[in-house]
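Common to both upcoming complexes is subunit A, partnered first by subunit B, then by subunit C.
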Partner chain A sequence: MTVSTIPLDRTAPVGFSKGPALALIVLLLAAGLPLVTQDSFFIHSAIMVLFFAYMATAWNFLCGYVGQLSLGHAMFSGMGGYVSVLLFTTFGLSPWLGMIVGGLAAAALSVVIGYPTFRLKGPYFTLTTIAFAEIVRIWVENTDTFLGFHIKGAEGLVVPMVGESFAAFQFGGKIPYYYIILGMLALAILATLIMERSKLGYCLKAIRGDRDAAEALGISPTRYTLTAFAISAFMTALGGSFYAQFFRYINPERNMGTELSIDMALMSIIGGQGTAFGPLIGALILTPLAEVTRGYLGGTFLGLHLVIYGIVLMLAVLYFPKGVLEPLKNLAVGLFRRRNPA
Partner chain B sequence: MSGSLLEVNGISKRFGGLQAVKKLSFNVNEGEILGLLGPNGAGKTTAFNMIAGFHKPDEGTIKLGGHNIAGSKPWEVCRAGIGRTFQLSKPFGDLTVVENLMVGGFSRSSDRKRIRAAAEEIAAFLGLERKGDTEAHNLTAFDRRKLELGRALSTQPRLLLMDEVVAGATPNEASEMVELVKKVRARGVSVLIVEHVMKVIMALSDRVIVLDYGSLIADGKPKDVVTSPEVLKAYFGERYVQART
Partner chain C sequence: MSNHRSQRTTANKSNLLTGALTFGALTFYASFAFAQAAPTVTIGCVLPLSGGSASVGSQTKVGAEIAVDQINREGGIKSMGGAKLNVVFGDSQSKADIGVTETERLVTRENVAALCGAFNSAVTFPATEVAERYKTPWVVVGAVKDEITERNFKYVFRINNKANYDAREQVDAIDLLSKETGKKPKTLGVIYEGTDWGRSHAANIKKFASERGYSVVLDEAAPPNQVDFSNQLLKVRSTKPEALIVAFYTPDHLILSRQLMEQRLDVPFGIHSVGGGTEDPAFYKAVPPRAVGYYFVQEDFQIDITEVTKDPMILEADKRSKEVLGYPMSAYTAQGLSGVYVIKDALERAGSADRTKLRDALAATDIKSGPALATGYQQIKFDEQGQNTHAHGAISQNIEGKRRTVWPAENRAPGVKPSWPVPTWSERPNS
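And then the complex of A and B:
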C-alpha cells in the first residue's frame, strides 16, 4: 500500500491537470443527455441522481472536509423547502427568491445549532445533529399554524399549479428541472473546488487532521467550521427547495426525514468524503441501486432491497474505507501511465 | 532587560488540589535559546501550555513584546507571534508535507502563491524538499518531528516553543535536530525549549531555568545550573547531594 503510493504521488500533477478537462467533458455529456432520450422515467431517475449528488455535495462541503458526521442535514433541506413553498403560497413570492430566503434562514439556523455543538467531537456531535433534526421534524409534523403560516403538519403542503412559468418554478415536462439541478450540482462542485484551494479549505482540513495543532497554527476552529456549516446549510436548503418545487409537494417525512440525512452522508462517504467529486460518484452508485432494488424486489420480498443496499454499503466501507473515488483515480492514472510510459 | 522578548510574571495554575505552577517568573531574551528543565511533574508542560494559550493562568501576566497575552486563545497567541510544537507530533496525515506547511502560512496572509513558495522554502530548510508531495502519514517519525517544527516556523513566529523535540530520536537524529534548532535561531527566532535529554540542552541552550514543584529553583548558564546543589537535589534527592559534599 505504502510502496504503491510513492510512484502515484509523482504522477499526481498529471491527473490533476486532466481533472478540470475531464469534469467539463462529463458536464457536456450530461447536458446532452436529454437529446438522446426523452423517456420520462429515465429523465426522472437522472434528476434524482443529480439531486442526491447535489445534496451529498452540500453535505460534504462541511462534513467531508472538517471530518464531522452530521446526520441532521435534512432539517436544512426542510427549512429551504418550507420557506420557499410558504412564501410562494402566502405572498406569491417567486420560489427562486424563496429558495434564497430559505437558504439564508437555514444558514442562520446552522450557526445557532453549530455554535454550541461544534465543541463536541465524534459521536456526540452526530447525536446532537440527529436530535436537532428530529426535534424540528416532529415540531413541523405537529404544527398546523405558525406565525400565521399554514404549515399543515404531517399532511404537508401542495404547491398550487399556476401554469408554465419560469418565475413560479413551474415547467411542462421534466427536462427543465433536469437542467436546473445539473446547473446547481455544477455550481456546488465548483464551490467545493474553490473552497478546497482557499484558506477556508486548508483550515478545515487542518481541523480535521488535528484540532489542537490547527489552533496552534492560528486557526480558530469555531470560526471556520461555522462558516463552512452556514455555506453547507445554505446549499442544502436550495436543494430542499428544488425538491419541493419539482414534486410540487412537501411534507416533513420526505423533505426533512432522517432517511434523507443518512442518504446525504452515505453517498459522500461511499464516494469519497473530503473530495470534490466523491459525493457525485456516491450518488451515481447508490441512487440507481436503491431504485433498482426497490423496484424489482420491493414488491415480492418486503425489505429485501434494504438488505441488499446494506450489503453493498458494508462491502464499500470494508474495501474502500476512503471511498471509491481514490481507487478509481489510481486505476485511471495507472492506465494513463501504461499507455504513455515515461 | 531591554532585550526581553517574552516576560513571564508571576503566573500560577492550580488543577483541583494540585498547585502545578506557583508564581513563576522568567523571561526569554531576543535571539536567545532558553532551556526549561525540571523533573517529571515539575510543571514544565503546564507553564508551556499557559504561554501557548492552551491553559489560562490563574494569575500573573505573560508579555510578548510588551503586550499581555495571558489568557489568550491558542490561535491568538499564534497570531501574536508565538509558534509551538507538540510533544507528540501532530501532522495533518492526509495532507502532503508542503500542504502541512501552507496551513501555517494562512495565518499571516491569504496569497496562495506566496504561501506555497514560503512552504517550499521551509521544506528545503528542513531537508524535506524531496518529500514535498509525500502525505504526512507516510513520513518517518523523525521527519514528522521536523515537519512539526517547520509548521510552527511557517506561522513566522518571533518565539518558538518546543516541547521535547528529540524524544524517541536516535543519537544521529538528535544531533541533526540540534543543528536545525540552531539554524532556526539564526533565522532570528528566539526559542524556549523543554527537554529531558541533557546532551541536547547543554548543546543548545544559552541559558537554562529549572522548575521544581511549580517554582523556579535555578537560572543561569547550562554548565553552572546542572552542577548547582539545588538542581541536583531536585533531580536526585537530598542524600545524593550530601554524599557528594
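And then the complex of A and C:
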C-alpha cells in the first residue's frame, strides 16, 4: 500500500481497473433483458429499479463524494418534471429539450441554494436542504399560476397523450422507456467514474476527508462542491423529467416530497455512498424488496411490508455501515484469490 | 347423466370393488361439475393501505370485503353458475408510481377481471390509464378529480361525484331550504383551508353564489393547522354573513368549532361545512355535541342511510363495520361496498369474467335498488365517459344531536324537519 492512496481515496476500490469492464458486462446483460422477457410487469419493475438507481446515482454524485447528506434532492426532480411538462403543454417543446432546460434550471437553483449553505456542516446542511425542498413544495402546492404558466397547485400536472412519438417522449410499450432509463443510468455511472478520476473527484474526496486541510492546500471547497451540486441537480432533474414522461402525471407531494429525497439517499447509503456502483446495488436490493413484500403482504397485513423494509434497512446499516458494495467486493476478491493463489 | 348413475348404483349392490369405483366416479363427476359450476372471479382493488391516507383505505377495504362475503354467502354470481368472488388488494401508499406498479401486478399477475380504487386522485389518474391500456375495467371509488372521466376512456367508470359538484350542492341546499321556508339568506361568507382543496372549493362557491344571487361578503383563507381562529371570527363578526361555508380538516375544524361556541357567534342560516373534518368520525368524539349543533355537513354519503333504507345487506354492512372498525358505516366503507356490488351487477349481466364483456356490461349499468346504492344515490348509470350522472352528495343537519339528511329532498327521511334559520345561541337548550 502506497501512502498516496490513503488520504485521497477512502473507498480504495479493489480491482479498480476491472470496474469499467464489469460495468460493461452488467450493462450488456441489462440491455439484453427485453430479449429474454417481454412480460410487462417485469419490465415495469425493472424500469422502477433503474429509475431509483439513476436517482440514487445522481444524489451520490454530490453527497457520496463530498460527505454531506442532502435530504432535499426531490426539489430538483420536481423542477425537472415541472419545467419539461410545462414547456411541452404550453409551447409544445419536445420533452427531450424540455428536460435539458429543466436540468439547467435545477442546476441554477442548486447554485443559489448551495452558495450560502455549503458553509454549513453536518446536520445543519441537511436541515437546510429539507427546508428549501419543503418551501419549494409548499409554494408549488399553493400556486395556481406563475408567470403565466398553469402550475395547478396541489392538483398536479397531466401530460396529454399525443400518441406514439419519439419527439413527444411517448411510446406505446414499456421497452423504449426501459432503454431510455438504462441509457441515462449508464451515462450517470460513467459520469461518476470520470469524476472519480478527475481533479474534481480528488478535490471532493479531499474536502470530505478534511475540509480545513483541503482549504489550506488551496482547494476551494465552495467552488468544487458547487460544481458537483450543480451536476447532481442537473442529473436529478433529468430523472424527474423521465418520471413525468413515463407516468404522464406529476404532483408536488410525490415528485417534490421528502420521501423521494429520503429514498434517493437511502439507496445510495445502503448500496455504498461515494462509490460509482453503490447506488445501483442499493436500488437493486431495496426496490425489488419493497415490491415483493408489498405484493405479497401489502393487501393482507396492512403496513407489514414497511416494517420488514425498515428492519432490512436497520440490519444493513448495523452490519454494513459502509454499504453493501464493499463486503460484496471483498467476497468476490476472496473467491478470486482462492481460485488463483498467487 | 342420471342414466349413467342408476346403472352404477345397481352395480354397487353386487360388488364392493365396483362400489368403490362408483364412489370414485361420482366424486370425480361431482368435483368436475363443481369446478365447472363455480369458478372464482378475482377482482383487484388498489387503495392507500399504508401512509397518510391509510385510515381511509382500510375503511374502503373493509367495505369491499363485506360486500364480497355477502355476495358469496348469497350464492355468488348466479349467471356464472354460482361463481365465487375473490378480491385482492394492492397498497398504493398514496403514491402514483406505486399505484401504477400495483395495477400492473393485479392485471398481469393476479389476472383480475376488473379493478376498483384508488381514493387518491393522484393515484387513480395514472393507474386508470394502465387499466385502459390493458382493456381491464376499472370502477373508480372515491377519487374526485374531474379529468378522470373526461378522457374518452372506454374502461373507466366512476360511481361518485366529480370535484366541482360539492360546492354546487351546498348552494343547492341553501336554495332548497330557502324555497321551502320562504326565508332566504342574502349574504354568504367562506372561510377555508388555504390548500388546493380549500381554494378550489371557495372559487366554486363564489361562482355558484353569484349565479344564484347571493353576495359573498367574506372570503378568508387560513393556513392549515392553525392554533387560533380569533382573527377569522372577528372578520365574521364584522362582515356578518348570513350563512357561513367552511372547508377545513379535522384539527382546524375542531378549534374553529370550539371557538365559535365559546364566542357564541350567531350565523342566522348556519354553518355549512364541506366534508373534511366534519365527515371524520373522530371529529365528533372530540367536540362537545352542542358545538356542532345545527351544523350542515356536505359529504359523499348519506349519513343516516341506515335509518331510511330497508336493504338488509346495507344494514348488515353497518353492523359488520361496527364490529370490525368500531364505528358505523362511513362514507369510505359504503363506497367500497358499493364498488364491489356494481362490479357484481355487471358480472351477473355479462355472465362471464371476460374483461371486454364485463366492460360492455358495466357501460350498460342501470342500478335502481340494492346495496350498490349504500352511499345514498337513487340510481347508478354511466354516461359515455363513464361518469355516474346520478351521483350526488348528501347534506345533513345536526338536529337534536343526530345528523339527519336534509338535502336532497328525496333522501330526507319522513319526519325530519330542517331547522331554518337556525336558533341563536341564547335560544338553544343547554347553552
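Just so we're on the same page, the second predicted complex is superposed on the first by the 328 of 342 C-alpha atoms of A that agree within 3 Å, B and C clash if a C-alpha of one lies under 4 Å from a C-alpha of the other, contacts with A are read in each partner's own complex, and residues count from 1 in each chain.
Quick note on the criterion: a contact is a pair of C-beta atoms (placed from the backbone, for glycine too) under 8 Å apart; a residue touches a chain by one contact, two chains touch by 3 or more.
Computed from a prediction, not measured in an experiment: that's the story for all the values here.
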{"item": "Which of subunit B and subunit C A:H44 touches, first, second, both or neither", "value": "second"}
{"item": "First (subunit B), second (subunit C), both or neither touched by A:S165", "value": "neither"}
{"item": "First (subunit B), second (subunit C), both or neither touched by A:S220", "value": "first"}
{"item": "Subunit B versus subunit C as contact partner of A:T90, first or second or both or neither", "value": "neither"}
{"item": "More subunit A residues in contact [subunit B versus subunit C]", "value": "C"}
{"item": "Partner chain(s) touched by A:Y243 [first = subunit B, second = subunit C, both, neither]", "value": "second"}
{"item": "Partner chain(s) touched by A:D210 [first = subunit B, second = subunit C, both, neither]", "value": "first"}
{"item": "First, second, both or neither for A:T145, with subunit B first and subunit C second", "value": "neither"}
{"item": "Subunit B residues within the subunit A interface of the complex", "value": "52-54, 73-75, 78-79, 83-84, 86, 90-96, 99, 102-104, 106-108, 110, 112, 133-135, 138, 151-152, 154-155"}
{"item": "Subunit A-touching residues of subunit C, taken from the complex the two chains share", "value": "49-50, 54, 58, 88-91, 94-98, 100-102, 104-105, 107-109, 121-122, 125-126, 129, 145, 147, 194-197, 199-200"}
{"item": "Residues of subunit A that touch subunit B when the two form their complex", "value": "2, 5-6, 9-10, 12, 197-199, 202-203, 205-206, 208-210, 212-220, 274"}
{"item": "Subunit C-touching residues of subunit A, taken from the complex the two chains share", "value": "39-41, 44-45, 48, 141-142, 144, 153-156, 158, 243, 247-251, 253-254, 259, 291, 294-295, 298-300, 302-303, 305-306"}
